[in-house]
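Structure first, commentary second.
Going by the order they are written in, the chains are A, B, C and D; count residues from 1 in each one.
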Amino acid sequence: MARLAENHYGKSRVRLLKVMRNGDQHELREWTVGVHLKGDFERCFTDGNNAGIMATDTMKNTVYSVARDSTALTMEQYAQDLARLLTQRNPQVKHVRVTVEEKMWVRLKADGEQHGSAFRQRGPDVATSDLSYTPGGAEVVKSGVKGLVILKTSQSSFTGFKRDAWTTLPETADRLFGTEATIVWTYGSPIEDYAATRTRLMESLLATFARHDSLSVQHTLFAMADEALALEPRVSEIVLTMPNRHNLLVDLSPFGQDNPNEIFVPTDEPHGHIEARVVR
Amino acid sequence: MARLAENHYGKSRVRLLKVMRNGDQHELREWTVGVHLKGDFERCFTDGNNAGIMATDTMKNTVYSVARDSTALTMEQYAQDLARLLTQRNPQVKHVRVTVEEKMWVRLKADGEQHGSAFRQRGPDVATSDLSYTPGGAEVVKSGVKGLVILKTSQSSFTGFKRDAWTTLPETADRLFGTEATIVWTYGSPIEDYAATRTRLMESLLATFARHDSLSVQHTLFAMADEALALEPRVSEIVLTMPNRHNLLVDLSPFGQDNPNEIFVPTDEPHGHIEARVVR
Amino acid sequence: MARLAENHYGKSRVRLLKVMRNGDQHELREWTVGVHLKGDFERCFTDGNNAGIMATDTMKNTVYSVARDSTALTMEQYAQDLARLLTQRNPQVKHVRVTVEEKMWVRLKADGEQHGSAFRQRGPDVATSDLSYTPGGAEVVKSGVKGLVILKTSQSSFTGFKRDAWTTLPETADRLFGTEATIVWTYGSPIEDYAATRTRLMESLLATFARHDSLSVQHTLFAMADEALALEPRVSEIVLTMPNRHNLLVDLSPFGQDNPNEIFVPTDEPHGHIEARVVR
Amino acid sequence: MARLAENHYGKSRVRLLKVMRNGDQHELREWTVGVHLKGDFERCFTDGNNAGIMATDTMKNTVYSVARDSTALTMEQYAQDLARLLTQRNPQVKHVRVTVEEKMWVRLKADGEQHGSAFRQRGPDVATSDLSYTPGGAEVVKSGVKGLVILKTSQSSFTGFKRDAWTTLPETADRLFGTEATIVWTYGSPIEDYAATRTRLMESLLATFARHDSLSVQHTLFAMADEALALEPRVSEIVLTMPNRHNLLVDLSPFGQDNPNEIFVPTDEPHGHIEARVVR
């Protein structure tokens, strides 16, 4: 006899563009919102009883409606407004998770100045947030970034690793170190200045990546986490996922050429995968 | 002071094509392998000490080497061979996870017969497996499918759901029900006949989807799980993720036409997201 | 002084799912339609005068409206119905191109029988069509396929090619030959039985690929075209694009293993690109 | 009897990363190169005679080898070096086309300064070039950009278009105008300062997009071309492809809210497609 052990449902990829018009100076936010509920939904699965089901279409409508009323300037604060409204009117919901991804837009220049209402998308990275909200209980806010493609061409080695019969990789004192990082940090408590904190943390993470004398991906990952936690006491933990996007040195010797770490083949697969959660 | 709470590392997207040549009748397997290790790797992060690190390049080499020696005909069994070899020679590894995805190839026809050595890829779904292996301890095998795009055009309704001020969705007794399903089942113990069991389970899952009088996505998801668990006693649990890929009925009334559930717009976003874990 | 040399405009990626309900036996068509117009639109560009502009939103509406009224069972015939209606009411349009891609759906099985109203998408290839229509003038219909992933594991060699100082590829008498083919054939005149002709041509193309003793991708490409043109006199030309998706033999000798054409690494990039147009 | 009407072949997606190390100040170029040849290759197709065939693997090797020797700082100049070397040693080649795409990397900051050897990828747009080279004959260089995602939130209207029975789109004096532009300009003759010219042209194109009082996508597209041609006399023509990525105003009235052009749904499909070639 089958039994429902866990379940959740919701709406994914609700896209939303909000234009705030302050005279000639417009502001843009482009968010992709996901809403996922847990609660008292078992009879929907087992008996087809939909009485307690908020339709996912209703969630979508609420995403837009809250976007209109909310004065939030950050996705973290918008997510809190959304989670509260959704749960206030639905006591059968015991937990809501709201994820938001933000595509970044920067102003175009015209006549030597930043234009007030013309923009260019800047990627490939997107900013992320993830709110876990239990009505009457805990609220956990995570922020982060994904698709952050970074590369350093100096201060990266990989030596002293274990060798066995399947090891053909040579040791190297000077290699390229490239990754498409995903980083998520958890706030110990909700805060007010999400945008400013994000800016400071991102600057720290990128500067540590740039400056670090890297002995491995793991080594640099930990250094980045260590600096970020030291910088921002309100962050309780940080998870870094740093796939090792290999750039392979091309063997030019068949053509009578040397290759002093100059010509590489960038590859997407296979790639290393290094991930860690770092706490205080 | 930062502290490493959790970590793992490995190699992702190691692609492998194996051709087994039995005279004119060749067999193909196309696998994408991932290997992820947990163990005693902390000093690599904190001190840059790589002494216990198996390079991810070595894992890649081992993937190919084991593929040559292994007589496994299924990815589930290949993964077991790989996990054992990797951990035998690396006592510092406390846990290994091996994921494999298989792209399906079917034979081409020529002169009215199945050709022995010419193939066509069949998708969009891929078969999946996921082995969790603790040397000297537990071994858990999961199998499944992802990207399974299915659609039913009858026996699907959605009525009786909760309505509030943000609800605009009408009730419907006859809608399209489409999904791109991901399904993962867990074997209570490793078995011998992974291929045959997969075939039987997939037939059951698809037949239940086809036959079910669906009152909601949740309702059909549970029915599929229920039938599958009843069919195969060695499966201890099954997780189904069934996003609701909406097909929107087009309003043709501005053009003086009716639309008796005939012309729809398929959409990718936003989509519903329904997920459950079902056990005995 | 800038001058408009050429222009066209239209609507792309109009998605459409049509369900034809014959009692319990439903039929599905999933089409993605593009409409592109040429004509007398210059003043729109140069002066912002939109008087002759059919809005692309109107094209989209017409796509759906024609889908409802048309009795066409093939995308080729549907495209003709659409092109005629669009141009009849818009004399400023001098030429219309209608492209349609079709995702393939096959019936699910339940209780040992094909189910009448439950389907599974079959890919990765999609069927294509491309209509070029000049009111009062020529009408050219092309049909084809894209994303056709095929592979042969015997009867493929590559020897005798030109060698110079940059040539490191060894000659091989037995290699894998894989491609993701795009094929487009042109009908000399519009015909009635597009579906049956497509089936016959695809069977021929795939059987030739399977049977051919291939001396190069080019060699097999031409043989496939040759057979197809011989089979179907109403086809005036055929264009085949056959990228060479390389499968690289893995060197297992560092691990003391041989590799008798058994273990390969499938790669996406770089890939060869071979393309030809073949006529009678 | 089948006859080869046209053919070309080559190598696509050859990826290349070049690091130029000037002390602590490194420079990066990430290029994806395609090489396509036309010439005297007919017997390869018809008879399997590979005597005149330069293997695509040899092309790949040459791409890397030339990258090492070439002092070119722009992809346009690199492509010329590559085309010359390939054709010098292969008289059977009558025409070569070299396409290069460049992913943009910008320096990271650390300690308030631009770091010399740590970078971040900047997208989503990539720079493009396209060289058409006939040994002893014409050489045509095109440069451009693709994936340029831009959006203006003011000065965009769409009124006065043709209305018929399928037209439901209302006229609007104030809409969002978003596009993912592809732009290609042709140089009348090869030049020396490709990088500086690109910068000037891109600044002009973006500034015109920002400033223009747009009466339609077509209208703004032409204005952008007009300004660019006026700015740079060495550009002989420019092709702009500007799909209209629609942002749909959400109807919030069911929830008792207005929506003064503030909350939109960004969509990918369907989209308008506007394309023109503008010359002097």
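In the analysis below, contacts are C-beta pairs under 8 Å (C-beta built on N, C-alpha and C of every residue); 3 or more make two chains touch, one makes a residue touch a chain.
What you are looking at is a predicted structure, and each value in this text was computed from that prediction instead of being measured.
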*If you take the chains that touch chain B and keep only those that also touch chain C, what is left?*
A, D
*Looking at CA centres, what chain is most distant from chain B?*
D
*Approximately how many whole Å separate the CA-defined centres of chain A and chain D?*
29
_As a quick test, compute the distance in whole Å between the mean CA positions of chain A and chain B._
24
*Using the average of all C-alpha atoms in each chain as its centre, how far is it in Å between chain A and chain C?*
37
*If you look at chain B, which of its residues touch at least two other chains?*
15, 61, 65, 166, 168, 254-255
*asked:* Testing understanding: with touching defined as stated, what is the shape of the graph linking the protein chains, line, ring, star, complete or other?
replied: complete
*Would you mind writing out the residues of chain C in touch with chain B in their complex?*
15-21, 24, 26, 28, 30, 61, 64-65, 67-69, 105, 108-111, 115-124, 148-155, 176, 203, 206-207, 209-211, 247, 250, 252, 254-255, 257, 259, 261-267
*chain A-touching residues of chain B, taken from the complex the two chains share*: 1-15, 34, 36, 41, 44-58, 60-62, 65, 89-90, 158-162, 164, 166-169, 214-219, 221-222, 225-226, 229-230, 237, 243-244, 268-280
*Please name which positions on chain C make contact with chain A in the complex.*
165-166, 168, 254-256
